[in-house]
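Consider the two complexes below, in which subunit A is the common component and subunit B and subunit C are the respective partners.
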Partner chain A sequence: MINGTVVDLSRIQFAATALYHFLFVPLTLGLSFLLAAMETVYVTTGKPIYKQMAMFWSRLFMINFALGVATGLTMEFQFGTNWSFYSSFVGDIFGAPLAIEGLMAFFMESTFVGLMVFGWQRLSKGQHLAVTWLVALGSNLSALWILVANGFMQNPKGAAFDPITMRMHLTSFQQLIFSPDAQSKFVHTSIAGYVTGAVFVAGVSAFYMLRKRHMDLAKRSFRIAVLFGVLATIGVVTLGDALGFVDAKAQPTKLAAMEGLWRSEPAPMPFNVIAIPEQSEQRNIDAVQVPAVLSLLVTHSLTGTVPAIDTLEKRAEQRIENGIPAVEALKALSHDPQDASAMAQFDAHKADLGYGFLVQRYAPHLSEVTPSEIQKAAKDSIPPVAAVFWSFRAMVGMGLLMLAFFVLATLYSLRDRIQKKTWILKVAVWMIPVPFLADEAGWLVAELGRQPWTVYGVLPTWMSASTHSVGYMAFSLIGFVALYSVFIAVEMYLMVRAIRLGPPEHGGGDAERPLSRPTLAPRPVPAAPYGTKLEG
Partner chain B sequence: MRSFLYFVLFLLLAIIVTVLAAILGNEGAWYFAWLIGTTMIVLVSAAGGAMLDAHEEHLAQSQSGEQRPQS
Partner chain C sequence: MNTFAIAQVIWWVLLGVLLMGLAVMVGMDMGVGAILRYVGRTDTERRVALNIIGPHWDGNQVWFILGGGAIFAAFPLIYATAFSGFYVVMLLLLWTMIMRPIGFEYRSRIDNPAWRNVWDWALVVSGAVPMIVFGAAFGNLFHGVPFHFDWDMTSYYTGSFLSLLNPFAVMAGVLSLSLSAMMGSLTVMSGAEGAPYQRARALAQIAGLVAIALFAIGGFWVHALPGYQLLSVPGLGVPQTPLQQTVGVGGSWLQNFGTHPLLWLAPLLGFTGMLGAVFAARAGRSHLGWWLGAGAWIGVIGSAGAALFPFMLPSSSDPSMSLTVWNSSSSELTLLWMIGFAAVFVPLILWYTSWAFWVMRGKVTEDAVVHDEHAY
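And now, the complex of A and B:
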């Protein structure tokens, strides 16, 4: 039996590295397509201001990209070092999309990033534009394959457990990549990245406008960002609703936790706007409810219902009882793979094998399992409700806040009044951290809501970890947190420095060497008015 | 000849896109929506930038038109 503290430390370590990494990823996803939008305007209109914009924002993109790669690399190693049983159990399925991500998307993205940054003088306008689009596509394809792998953990499709090899193997690659969870998670996450990129560009542009610096660049960047952002936020909200619809079927325990739903109720079910969930008592303290809205939100009908935690625990008890013979049959098969009766027993109960594993945490010898141990394991099948409930509300609240901001900002920008509305420019600057926090909250909903499983309904978290010592895990956790905190500090320093220096040919850095050490001495602002050709 | 080759190239691209759209629309409606949605978001925001230029150019022209009779 793996030490519970080691499992917890392994979880904290992965969560910490993933949370750090996920500060960089969404900005890469969004900023890459914003660069594509800016450069598309440059190529179609030929106006050099858009080239300056693309070059300036690509400098910030590169800072973020480099640190994003550095923080992401260790996560893949952690599967092997800290989650070795998980890697052995589902590696044949989980490894495939990760390998494709590395070999196809990441290589493509990295190759074209080099061309994008150093290719301004070497490529034609059209070629450079194609490269920028390929960087954006590659970044998002990376996310696609990661989320296909994550989609399998949320809702395992296209795989089956082999009782002879004691591992899961891939049965349908098509089912794996087209699983509804993988698809809906990818579009929701990718477009959340667009929102992050849009808020970032709008915020930095607003900062320049408030200080009357780089006005041509800032106004145009702001306009492009808010239009990009308003459409992306509408997309992310509607896709989030659709993702909830998918989760309602695939992960009912996550949905019940998101909604703080302890007792099953008849339709139409009320929606808990605010509540204080108390897991030990299985009830909400002081809930503010809106009648009928939950049925409408989750089933898109007033007559639909979703199971609450009381029903889900009863279902889990039944599945645990059905899963115990599957685990016992598996033990017999591990001694004698030719045991036909054990194989027949396994086949009859294999659908609930994961639930059999779940109770093994309390009853290593399943022949001696007691009803109270089964009840305890059934209670464990519910994720931490308060954390999921509040993370979900934080994400939704911040999403709606960004929608309101983008609607107003777009309105003022389209009416060309944005420079006079200094209050919204100030709001834009203060909005910069909001999408990052919303992304982190969304990630917490997805991953905490999947607990107690690493692969939902198949493999419990408690048995997925490696058999390290507590000291080893604590040491490596401290090391990761310290190192990644340095990365965040470096990112913040480089970003703030690049933003303060400003765009090339606007008194800031070097136009032709976007990654070189920026010239601190101010350059004269070109005398030519905006719109005239500045380059040779 | 060059136009014909372009025609063949774009025709082939159109066929590939149609086949991909049919497959994606059937198997992966979400992925298809992402492709269409992303393209739309990028192009609309790019058009917004171009619109700002057009607006400023129009303003500059009308201002210079007003100033000319005075001088």
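And now, the complex of A and C:
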């Protein structure tokens, strides 16, 4: 059995490295689209200022992109190093979207990002524009496949457990990728990235306008960003609502935690605007409620109800009792795969196998399980309510704040009065950290709300980790913290420095500079470097 | 063989192709990093070396990421067992690998010798260490790795970090490093002029000769290591776990070569590629040398795969729990879908990668590096 401290350390490491990675990814998603938009304006109108804009923002893009790539490496390998049981248990399903992400998306994004940066002199206008769009497309497809993988953890579709191989296997690829959870999460998350990019560009542009520097570039960038931002924020709120609707059905424990719902109530259910949830007493110490709003929000009707934690715990108890024979049958099958009676017992109880695993944490020998152990495991089936409740409110609050900001900023920007409204420019600068914090809060809602499962209802977190020693896990955690702290300091320093330096003054900028490589120099070696045999 | 078994073998081959892609494409960038401070003595010379691979390292690195993803998708048991078993080594690999994107992107953004020196060393370490780990991981497969499974397929690794650094594995690690140093040198030759070109030319030959010697020693050494044989399995192309087979240890890892003499073509390709690359470097034919070096990698990895088949991760503490092509793969449905995706996207990747190299062809001059705002 895996040491509990090892599981906790593995969770801390995963959360820390994922939250860190997720500081850079949304900006890549949003900024890549803004770069493509600016360059499109350049190619269609021929105005050099838009080329200058695309080049300037791409410099900031690359500072961010480098850390996104570097920290993404950690994520790709962490499942295997720290979560080996999880990896072998669901690799059949979970690994596929990760591999497809590499094949379809990340290769494209990374290959073309090199050309986007180094290819200004080598490519025609149209070619370079295509390259920039492919970078944006690649980063978004990348998000799609990662969220398909994540969607499976939230709501496992298209898979079944195979008692012979002792792991899950794919039953329908279509169900896996078209899972409603995966689809609404993809749209919600990638649009959250667009919001992040928009706030970033608007904030940096406002910084220049406040200092009366690079006015033309800043005004134009600001306008593109806020227009993009207002649409994206509306999208993110709408899709967030859709995601809540999906979660209400697929992950009732997450929804109950998000809303601090301890006791079941008849429709229409009131909404806790603010509350202080207390898990040990299973109640909200204090709450500000609005009648009927919860039913409207999560069921889109006045007569709908969602189950509260008291009901969910009762359900979990029943499922645990039903799951115990499934685990016992599985043990018998591992000794003799031909055992027909064990197979029949497994088939009768397999729907609750995960709940059988859940109680195994307290009762390694399931034949001796006590009612109090079952109750304890049932209590475990509820995620940490206060953390999920408050992360959710932080995310939504910041989302609405950004919406208000973008609406105002768009109005002033379209009437060309933004440069005079210094208060809103100052707000814009202060808004820069907000989308990043909202993204992190969103991650916490999604992944803390999924607890105690790595795969909802199927595989408990406590079983999923690797069988390492506490020392190993402490060592790796310390290593990551040290390395990542240095990285973020360097990144912030370079980012702030590049922003302060700003784009090259006097119009032309990079376009006037000498070529990075001779466009077509006479060469002493054969014309085809590596890999070009396919050409012509 | 049924469809499942065929799909398993196809994925075994595809995984080999991806690892070869990784070795060739990531290996050359790692090689440039590892030799950076040798081929480039001045800051500008180093920048020239970095800018030769500047437009491409990002794309090339995806071979590494895809390698991880493909093992996860096609052979989840290998991904889970090997990555957790090789824990400290994997951390070493990761921690050095993640310094690389940052090293490339941030190094030249500040014009300060101390700053650039630190990142240069980071690039050297993040070039050399991952290639040693890559080779050493392969080397360990021939010894077997101490791991076993519980009834529910929880895996336990019972060795220490140091047991992964046995002499054979270290030799394989140095072989991998010298091959990538050779490829890195040939890459620098293709894009640089003057002194860096001459240094790279000399180094390509030395690294190539070291690789030839190590590959030959490795061949004899493997001959002396006991090989693994599958004694009984539930069947080929049958869903199974490693708990349901028996494995014998003895004989030699070269048994497959005895049964199928055509497999000798792989080591032959390895030697020919290395020797050819050395001569090409000598003659100043860097592109030809690069292709021959790619052939050498294909030969070396092909030889290792051919010797090990069907084993993928032999267990030294409980050989019957060794992971093979037959017991560690994903289900038939997953493998078939993934074959479809690979069939479409691998050719597409090769095509646009070639185009990117074609667009950026030519020498990188010192003057250009100094004056380009976007240059590394």
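In this text, the second predicted complex is superposed on the first by the 504 of 536 C-alpha atoms of A that agree within 3 Å, B and C clash if a C-alpha of one lies under 4 Å from a C-alpha of the other, contacts with A are read in each partner's own complex, and residues count from 1 in each chain.
Definition applied: a contact is a pair of C-beta atoms (placed from the backbone, for glycine too) under 8 Å apart; a residue touches a chain by one contact, two chains touch by 3 or more.
On a predicted model such as this, the values are computed, not experimentally measured, just so you know.
Looking at the shared chain after the overlay, A:99 reaches subunit C, while subunit B stays out of its contact range. In the superposition on chain A, A:138 makes contact with neither subunit B nor subunit C. By the document's definition of touching, of the two partners only subunit B reaches A:232; subunit C does not. Within the superposed three-chain model, A:84 lies in touch with subunit C and out of touch with subunit B [touch as defined at top].
After overlaying the two complexes on the shared chain, residue contacts for A:40 are found with subunit B alone; subunit C is out of touch.
By the touch criterion stated above, A:197 is placed in contact with neither subunit B nor subunit C. Once the two complexes are laid over each other on the shared chain, residue contacts for A:356 go to neither subunit B nor subunit C.
Between subunit B and subunit C, the partner in contact with more residues of subunit A is C.
When both complexes are overlaid on chain A, the residue A:457 reaches neither subunit B nor subunit C.
Within subunit A, the residues touched by subunit B in the first complex and by subunit C in the second are 531. On the subunit A side of its complex with subunit C, the touching residues are 2, 59, 62-63, 65-67, 69-74, 76-77, 79-82, 84-96, 98-104, 106-108, 110-115, 117-120, 122-123, 162, 164-167, 169-171, 173, 330-331, 334-335, 337, 463, 466-468, 472, 475-476, 479, 483, 487, 490-491, 494, 497-498, 504, 510, 513-518, 520-521, 523, 525-535. Of all the residues in subunit C, the ones that touch subunit A in their complex are 51, 54-59, 61-62, 64-66, 68-74, 76-77, 79-84, 87-88, 90-91, 94-95, 97-102, 104-106, 109-110, 151-157, 187, 190, 239-241, 243-244, 284-288, 290-291, 294, 330-331, 333-334, 337-338, 341-342, 345-346, 349-365, 367-369, 371-375. Taken in their complex, subunit B has these residues touching subunit A: 27-31, 33-34, 37-38, 40-46, 48-53, 55, 57. Across the complex, subunit B is touched by residues 33-34, 36-38, 40-41, 44-45, 47, 50, 140, 174, 177-178, 180, 183-184, 186-187, 190-191, 194, 219-220, 223-228, 231-232, 235, 413-414, 416, 531 of subunit A.
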